[in-house]
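Next come two complexes built around chain A: one with chain B, the other with chain C.
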Partner chain A sequence: MSRGKAWALRLAGIAVFVLGWEIAGRIFGDALFAPFSAVIAGFPATVRDYHLFAELAGSLRQLLLGYLLGCIVGIVLGIMMGRSALLDGLLQPWVSMMFVTSIASLVPLFIITFGFGLMFRVTIVFMAAVWYVLLVTYHGARSVSPDLLQTARAFESSRLQTFFKVMLPALYPYILVGMRIGLAHAIRAMVIAEMYVIVGFGGVVYNAGVEISTVSLLGALLTIMLVGVALNEALKWFAHRTAPWYSERQQLSN
Partner chain B sequence: MRISLTRPLVLYPVSIVLGLGVWEALAQVMPRALFAPPSAVLGRLAAMTGDGSLPTALLGSVQHMLVGYLLAALLAIPVGIIVGRSTAIATAVEPILNAVYAIPPVALVPFFMIWFGLYFEGRVALVFAMCFFEILINVLQGVRNIDRGLLDAARSLDLTGLALYRKVVIPAASPFIFTGLRVGIGRAVNAMITAELFFSAVYLGQMLKTSSNAFDIASTFAVIFVVSLFGLACQEAMRLAERVVIPWHHESTA
Partner chain C sequence: MASIEAHNVCKTYPSRDGDVVALDNVSLKVTDSEFVSILGPSGCGKSTLLRILDGLTKADSGTLLMDGRPIERPTQERGFVFQSFNLFPWRTVRGNIEFGMEIKGVPKSERHSVAQRLVELVGLTGFERKYPHELSGGMQQRVGIARALAIDPAVLLMDEPFGALDAQTREDMQDELLRVWAAARKTVLFVTHSIEEAIYLSDRVLIMTPRPGRILADIHVPFTRPRSESHRTLPEFSALRHDIHSRLKAVR
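On to the complex of A and B.
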């Protein structure tokens, strides 16, 4: 399939989706499912009434903090566990347990521990991102080719040199994939935490949800959808730019 | 022969004992209202199992989880197979699928409340939404990745219609279908507890809420532990099912 035809199909798919939304919206009405046109027309009012962009920006700042902390801890622990059988064995049972723990189930507990503020939201986002980054990095670190490491040793490179010149470049695509998966989970966790305590962007969704009309609610959902897609595409683009030779690794993310 | 001390068989028990020790020590310095030692959690776990409250709650939770999961699987598998068989449709649907997938499912809760109410139907809808896309994306990928040679061979044998699906398409895509089902059931367990916290509080979600509100942290930990363990058990059950239903895949990757 040519690139032009693929793009035409994608645009057609989006057009059909928007059209279907519009028709369904006209049938069900604003109270049940506002049509696309009404959501767009009402969007400026949604932004104004709910301070949508200000709340979103505040939420994203806290998201970034928890997410970056999660990435750093995940990458460091992932590499250590991947390269040391001792650490792997000592940490694996607890990491596996944390990995399956539902973020939502931690919310009531973390409110007790951290209150309703910054710490609570950052910790929830951290917990959502860290295990995914860790596991993907871990698998990457384990699969670094022994040939590469032996070659490095044959050339008498120091441990530090081997780490920065061989290990990190080999791990890089894995780290980026882990960060992308982690980001999706971080955004979900952010909304879970914020809707529970009704602050930030999640608070907007909650408050818009109790209105009679679904115009504001759908506007907020459309916004977070675009933000999620944009952040994911940005990371994908960055990965492609900085490590084009490994783009097939992206299959890992599905 | 020297037995390596870094084997999982040796290290995992050490890890669990060490971890519990650290946890117990941490509990000694942390205030009792914020943190509970493992011994107390185990005690609460035994008490709540003994008086039947925990098993009853789990049984209640499983209902909406299973109904939502089965509905999602029954719909996502055929849709994924049909869409995946046509390159044109798959290309057209892909951007929409990615976009809808980027919406944090919990943000749909207010919307589901309007449509399905605060109780069973609402919870089922959230479970459905949280695992439908996960399964669909995997099935789609499985069908898209079928070896062309396999399909050409089927065509040269005049295999068409249902027989083509039954003998070639579905078996070839089944490893991906099972991956989708396994990831999906993990998401379903997450959705189960999320729904109980965000719709009207029932079963395990209610236990989480009441215990944390009463600063009964040992009970909160116990419920979180049960949810995690249940999620793990469900995923392992799917892994086992995969091994029984498509043994050839397991043998080729083992």
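On to the complex of A and C.
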């Protein structure tokens, strides 16, 4: 499919969705489900009344901290588990359990342990992101081509050189995919955690809900969706720019 | 100028149906600037022998020498060319060719000039910045050969390098290799299962037989160099091919 056609289809998909939203909104009314036009018209007020952008910016700063920590730990542990049977055996049960554990169920425990502050919010985001980054990196590390590792050996490459010149480049596309999945989960977890303690962006959503303001509620949701998509697209663009050999060959850009 | 030799090399692999003797008391010697092929059917242990000579695989017993010194592990005195190319997909043509020099810490400017010279030698001018997946199989193996030559090895070990290529590309690559070999004057040990390829390229052909892997015969190829397409049609060429063919058939 050509680029132009793909974009036309995307825009058409968005148009249909917005139209459906508008019609549903007109049927239910502002109190139950504000139509798209009302949400857009009321958006400046939402931003003003709820300090939407300031709260969002604060939330994203803490998200970034927890997310980056999650990426670092996930990448390092993922590589170590992928290349060491000992660590794999020791850590695999924990990773499997944490991977399937709902982040929301951890929120009460972390509030008790860490309180309501920065530590709590960063920890939640960290816990949401780390397992995805770890697992994707782990599978990448296990699947590094033995032929390429042997080729490095044939050229007298030391273990350290092989790690940096073969292992890391081979893992790089996996790491970027893991980071993208981790980011989506980090954003979800951030909103959930903030709604519990009514701070930041999650606090805005919570308050708008309590005040039964669907115009502000939907405005806030639309904002976080757009932010999430923008961040995901930015990572995709970065992957495409820095690993052209991978994205062009695999078409894994979606 | 270099020589490489193996004495009484044995290698056994464990398998589900008991041990498989891949190599049984194999000895060979290749001397200065000689082009020698190891010819045999699949599974005769010829690739194992080549990998043992590079140090990539350990022999169970036997002696391996390069210029009289024992071979214990892979070094840059020997260059290896793989059947499946094994190019690094994240490196460009130039990046792949420079890999071995990077390992040795060769300065950047020198790496570039060596890579450029080899790009020209193997006929890849204009493709320096391409990634392997953008190249045809024949071009990928040109990169594989250039990468092995870039470390200026005394001995070139080639493991069925043209086995994955179509017939036409294969013959073109054989001529390319002879041209490159004439320019670089390396000692070459070339593994193949194509009788014609072995005769066309080599000074000597070592015939290997499987189960257990042994060297059956050491055949001198009398044709003059440089070789060209016309050699393939000589009656002597056909006779030699027929002779080798019947020898291989006899042990099946």
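The definition used in the following text is that the second predicted complex is superposed on the first by the 243 of 254 C-alpha atoms of A that agree within 3 Å, B and C clash if a C-alpha of one lies under 4 Å from a C-alpha of the other, contacts with A are read in each partner's own complex, and residues count from 1 in each chain.
Note that in this section a contact is a pair of C-beta atoms (placed from the backbone, for glycine too) under 8 Å apart; a residue touches a chain by one contact, two chains touch by 3 or more.
Since we're looking at a predicted model, the values are computed, not measured.
Undergrad: State whether A:153 touches chain B only (first), chain C only (second), both chains, or neither.
TA: It touches chain C, and chain B stays clear.
Undergrad: One more residue to check, A:73. First (chain B), second (chain C), both or neither?
TA: A:73 sits against neither chain B nor chain C.
Undergrad: Just chain B (first), just chain C (second), both, or neither: which does A:65 touch?
TA: Neither partner.
Undergrad: First (chain B), second (chain C), both or neither: which does A:40 touch?
TA: neither
Undergrad: Given the touch rule stated above, what does A:24 touch, chain B (first), chain C (second), both, or neither?
TA: Neither: A:24 stays clear of chain B and chain C.
Undergrad: By the touch definition at the top of the document, which applies to A:197: first (chain B), second (chain C), both, or neither?
TA: Touch partners of A:197: none, neither chain B nor chain C.
Undergrad: Between chain B (first) and chain C (second), which does A:103 come into contact with in this model arrangement: first, second, both, or neither?
TA: Only chain B; A:103 stays clear of chain C.
Undergrad: What part of chain A is shared between its chain B contacts and its chain C contacts?
TA: No residue of chain A touches both chain B and chain C.
Undergrad: Taking the complex as given, what residues does chain B use to touch chain A?
TA: Touch residues, chain B against chain A: 5-8, 10-12, 14-16, 18-19, 33-35, 87-88, 91-96, 98-100, 102-111, 113-115, 137-138, 141, 186, 189-190, 193-194, 197-198, 208-209, 212-213, 215, 217, 220-221, 223-224, 227-228, 231-232, 235.
Undergrad: In their complex, what parts of chain A are in touch with chain C?
TA: 147-148, 150-158, 161, 165-166, 169-170, 172, 243-246, 248-249
Undergrad: Spell out the residues on chain C that touch chain A in their complex, using ranges where they run on.
TA: Within the complex, chain C touches chain A at residues 54, 56, 74-76, 80, 82, 84, 86, 88-91, 99-100, 102-104, 131-133, 151.
Undergrad: Any idea which chain A residues touch chain B in the complex?
TA: Those residues of chain A that touch chain B are 1, 6, 9-10, 12-14, 16-17, 31-32, 85-86, 88-94, 96-97, 100-109, 111-113, 184, 187-188, 190-192, 195-196, 202, 205-206, 208-210, 214, 217-218, 220-221, 224-226, 228-229, 232, 254.
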